[in-house]
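Below you'll find the structure I mean.
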Amino acid sequence: PDVPLFIAGPCVIENRSMAVTVAEELHHISRELGVRFIFKGSYRKANRSSGSSFTGIGDEAALEVLREIGDRYDMPVLTDVHETRDVELAARYVDVLQIPAFLSRQTELLQAAGETGLTVNIKKGQFMAPQDMALAAAKVSATGNQRIMLTERGSSFGYNNLVVDFRGIVKMAESGWPVIYDATHSLQLPGAGNGVSGGEREYVVPLARAAVAAGVDGLFFEVHPEPEKALSDAATQLPLGSFRPLVKQLIDLYRCVQPLHSS
Amino acid sequence: PDVPLFIAGPCVIENRSMAVTVAEELHHISRELGVRFIFKGSYRKANRSSGSSFTGIGDEAALEVLREIGDRYDMPVLTDVHETRDVELAARYVDVLQIPAFLSRQTELLQAAGETGLTVNIKKGQFMAPQDMALAAAKVSATGNQRIMLTERGSSFGYNNLVVDFRGIVKMAESGWPVIYDATHSLQLPGAGNGVSGGEREYVVPLARAAVAAGVDGLFFEVHPEPEKALSDAATQLPLGSFRPLVKQLIDLYRCVQPLHSS
Amino acid sequence: PDVPLFIAGPCVIENRSMAVTVAEELHHISRELGVRFIFKGSYRKANRSSGSSFTGIGDEAALEVLREIGDRYDMPVLTDVHETRDVELAARYVDVLQIPAFLSRQTELLQAAGETGLTVNIKKGQFMAPQDMALAAAKVSATGNQRIMLTERGSSFGYNNLVVDFRGIVKMAESGWPVIYDATHSLQLPGAGNGVSGGEREYVVPLARAAVAAGVDGLFFEVHPEPEKALSDAATQLPLGSFRPLVKQLIDLYRCVQPLHSS
Amino acid sequence: PDVPLFIAGPCVIENRSMAVTVAEELHHISRELGVRFIFKGSYRKANRSSGSSFTGIGDEAALEVLREIGDRYDMPVLTDVHETRDVELAARYVDVLQIPAFLSRQTELLQAAGETGLTVNIKKGQFMAPQDMALAAAKVSATGNQRIMLTERGSSFGYNNLVVDFRGIVKMAESGWPVIYDATHSLQLPGAGNGVSGGEREYVVPLARAAVAAGVDGLFFEVHPEPEKALSDAATQLPLGSFRPLVKQLIDLYRCVQPLHSS
């Protein structure tokens, strides 16, 4: 393709109205720039740093918002699952199931996701070497499901910090599966806040460019109409209002990089 | 107490006979040395590196072996749980529920374990700063269950390697919960084998001593009658036949260290 | 400028003929592509892993080769200095003095280099946070010399491995000094060989592209007519014969990226 | 021996009076507890984070204080050297030459130190794998000087942080050279202060105990009569007044650990 894949949406479905506002804007960007979006939204947050953080509006309510968005905008929708019991429910509503990074070694979860036949996006564990992601993918592909994506979102680097190793993007691509760069979670500073994860939003743009230049197939962003009011990941979500020019520049860069691969 | 707590047992219940052999030896060591053991055994391995590795003999069959051992030797038994659905089943058989390191951020699992009222042993995630374990413990204690232990098992250090930060043992102890040092998993080299985790068993003894000197409350070891034939973690499990002198020397060291705390 | 700065040359001046071969090719590339090169060559290797490795052909002999190249091709030449006593000698022959990464905290060396008035290229220590490089630069600028460049060449990531943190490129640029990405040393695996440093040459191209996209001002490469016969850093030096298309693609990418900065 | 070796003294010779105060106390401790001390003091700080930090009272003045202390108390004295030109001068005054961690790969410095015939204490670079220290030692022993010690002082762990890998103590001991644990520098947080290194003095005692239990041959401490007024490393130097009970407890622990080695 001559454009990268984009996965974007709010961290969590905080309410219907906010989610639709985001989807509406993604729909416009998609039309204007000729790019494909997968709409991303968690229906429940299962691994917040602190037990008292916001976790969701109710599973089925949030999943129905996702389905509505998928239908209204003809846009595939993605959500993350945390236990095998979640898989059957979520699979009834979405097009892509995502395995969170902490859970990228949980065999049964990977198998259950694989067995739905839906596309499975596996995030690389912060504790995993990129080449070991081929083993995670193999747990899915062994179910007969070959619709797999691998996503880089940073590796543990000391405490409360992540580093993106761009060698890893190439190493994961060698496995043959499409590789996505998660541009917002990669800039988190896990647990560095007072019971919440901090982040360095100011580096999202240069690192997303770097990922395109290094050869990723797609990019993942969390966007929010008002990040400073977001109920989770407020330090890294991008403001929806400035997302369009970013998408445009990454498409331009992607088109510039494509011919280099054959040089 | 004038002796540390010991948690020991095989990585996984491979069969009844092997588990009983281990428990029998722990029982003798316990009698001879006046030390308390918690018998450890996984009833199912849920996060093997590779999907084709051995995962168990059946959940209830393995849990019944654990219960039999607990009853016969009057020894508390511990197993690990991976999803909330596992908790109710496992809680009917064991005395201590363990949260695996990869899952130390999964709020619902911590809550479900807490709600059983059983002791909950939370392993520190390889990706977590030790001070952030207080937040994990708070998710359990918020259920009203104050029977919590925290276990160090190494932090990510580059790829396929772990490092034990002994500052972390002190930092976790500052949270007020007992701190256990997992002497065998800390020496794993995750994913460094060909689809299996390697390990450096030769450093188990000096690091276990260091942990006692640094002030841990207890120690955790995987032991196996024939580690080279073990169906998992073959690189780090200790041979059962040489476990007794190790326990003895760690007790001796612990007794030597205790008076230093008041000096 | 509409092209990045390039620093390139062999790891060490192994002999006059080889160095001139490299310079000749850089000169042609420079003419053809309209790009500026600084010719790089060590006149003595002072920190080989092993004491028995090749260290040079004699200081003055090597420095004279550098000077000859500078004069013949009207190309600035760069070499690295390891002790203050080296500075005066090297400064008589070259245009740019380079401070090796291990020595980026050595105050007197930085000061001595600064006092020559020549441009000083400081490599970021593998043990240093990028923001702390401003302090290293300040040691040079305090001598009144404002001709400073900062070079990224990887950060320690576990043992025998380096990781390039692209946030660091942006953080160093915030100091106001030009930032160079050392594309070959960044891919070293220090000490991973049997007394020599290994490396992963296959990632040089994607990471160099990523660096351009992230916004570096220049790039640094070690090139050798026959890397497999190189007397040092054989695992990472690039073959001279394939350097021209790489330079071309990085210029193309740089031109593509420039307009994004204002978008 | 039935006691460990101790290396202790102030970070830098700030003035004669302070140095003598420290030496006097070490002398008393030595007499009372039957332990051998090497008196440690830098005569010049060559790698402060910031160029404006205090660096010394003059080389020869400081070295004469060291020599006076050595003679008066019949105590070997140690200082660190940073360039080959320093070696000849320092060697006239001291008994042990120390190679700073950042410089542990500088071949010529190691050789020059080796050629003095004095004992050479090589600190492990924060960027080096412990097994690679055998190569650094070989550079010294190739000069015919077999009086070598290796010192652990932490490994880079993310930015502005160090971790002590106790496996490394065992690995370095396998090289056959005595291994020292530097208990104060290991707790530094490099560059974490505002242009100065911070530190976590509160973990010095538990980690020193851990090092003894893991099998080190000696311990290294920076002590100061008034650490809060120290002109360098104020965050980690130990108060002189509380050093005696610490030495005593570490001797007690060492004696307790020795018999374990044969068990």
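For reference, chains read A, B, C and D in written order, and residue numbers begin at 1 within each chain.
The definition used in the following text is that a contact is a pair of C-beta atoms (placed from the backbone, for glycine too) under 8 Å apart; a residue touches a chain by one contact, two chains touch by 3 or more.
Computed from a predicted structure; not experimentally measured.
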{"item": "Shared interface partners, meaning chains that touch chain B and chain D", "value": "A, C"}
{"item": "Same or different contact residues where chain B meets its copy chain A, judged by the half mark", "value": "same"}
{"item": "Selected interface, C-D versus A-D, where C-beta contact pairs are more numerous", "value": "C-D"}
{"item": "Geometric centre distance via CA averages, chain C-chain A, whole Å", "value": "36"}
{"item": "Whole-Å gap between the CA centroids of chain C and chain D", "value": "33"}
{"item": "Whole-Å gap separating chain A and chain D, where each centre is the average of the chain's CA atoms", "value": "48"}
{"item": "Chain A: positions in contact with at least two other chains", "value": "155, 157, 159"}
{"item": "In the complex with chain A, residue positions of chain D that touch it", "value": "157-159, 161"}
{"item": "Residues of chain B that touch chain A when the two form their complex", "value": "46-52, 55, 82-85, 102-103, 105-108, 110-111, 125-130, 132, 135, 138-139, 142, 155-156, 159-160, 190-191, 195"}
{"item": "In the complex with chain A, residue positions of chain C that touch it", "value": "155, 157, 163-167, 169-170, 187, 200, 202-203, 206-207, 209-215, 245, 248-249, 252-253, 256-257, 260, 263"}
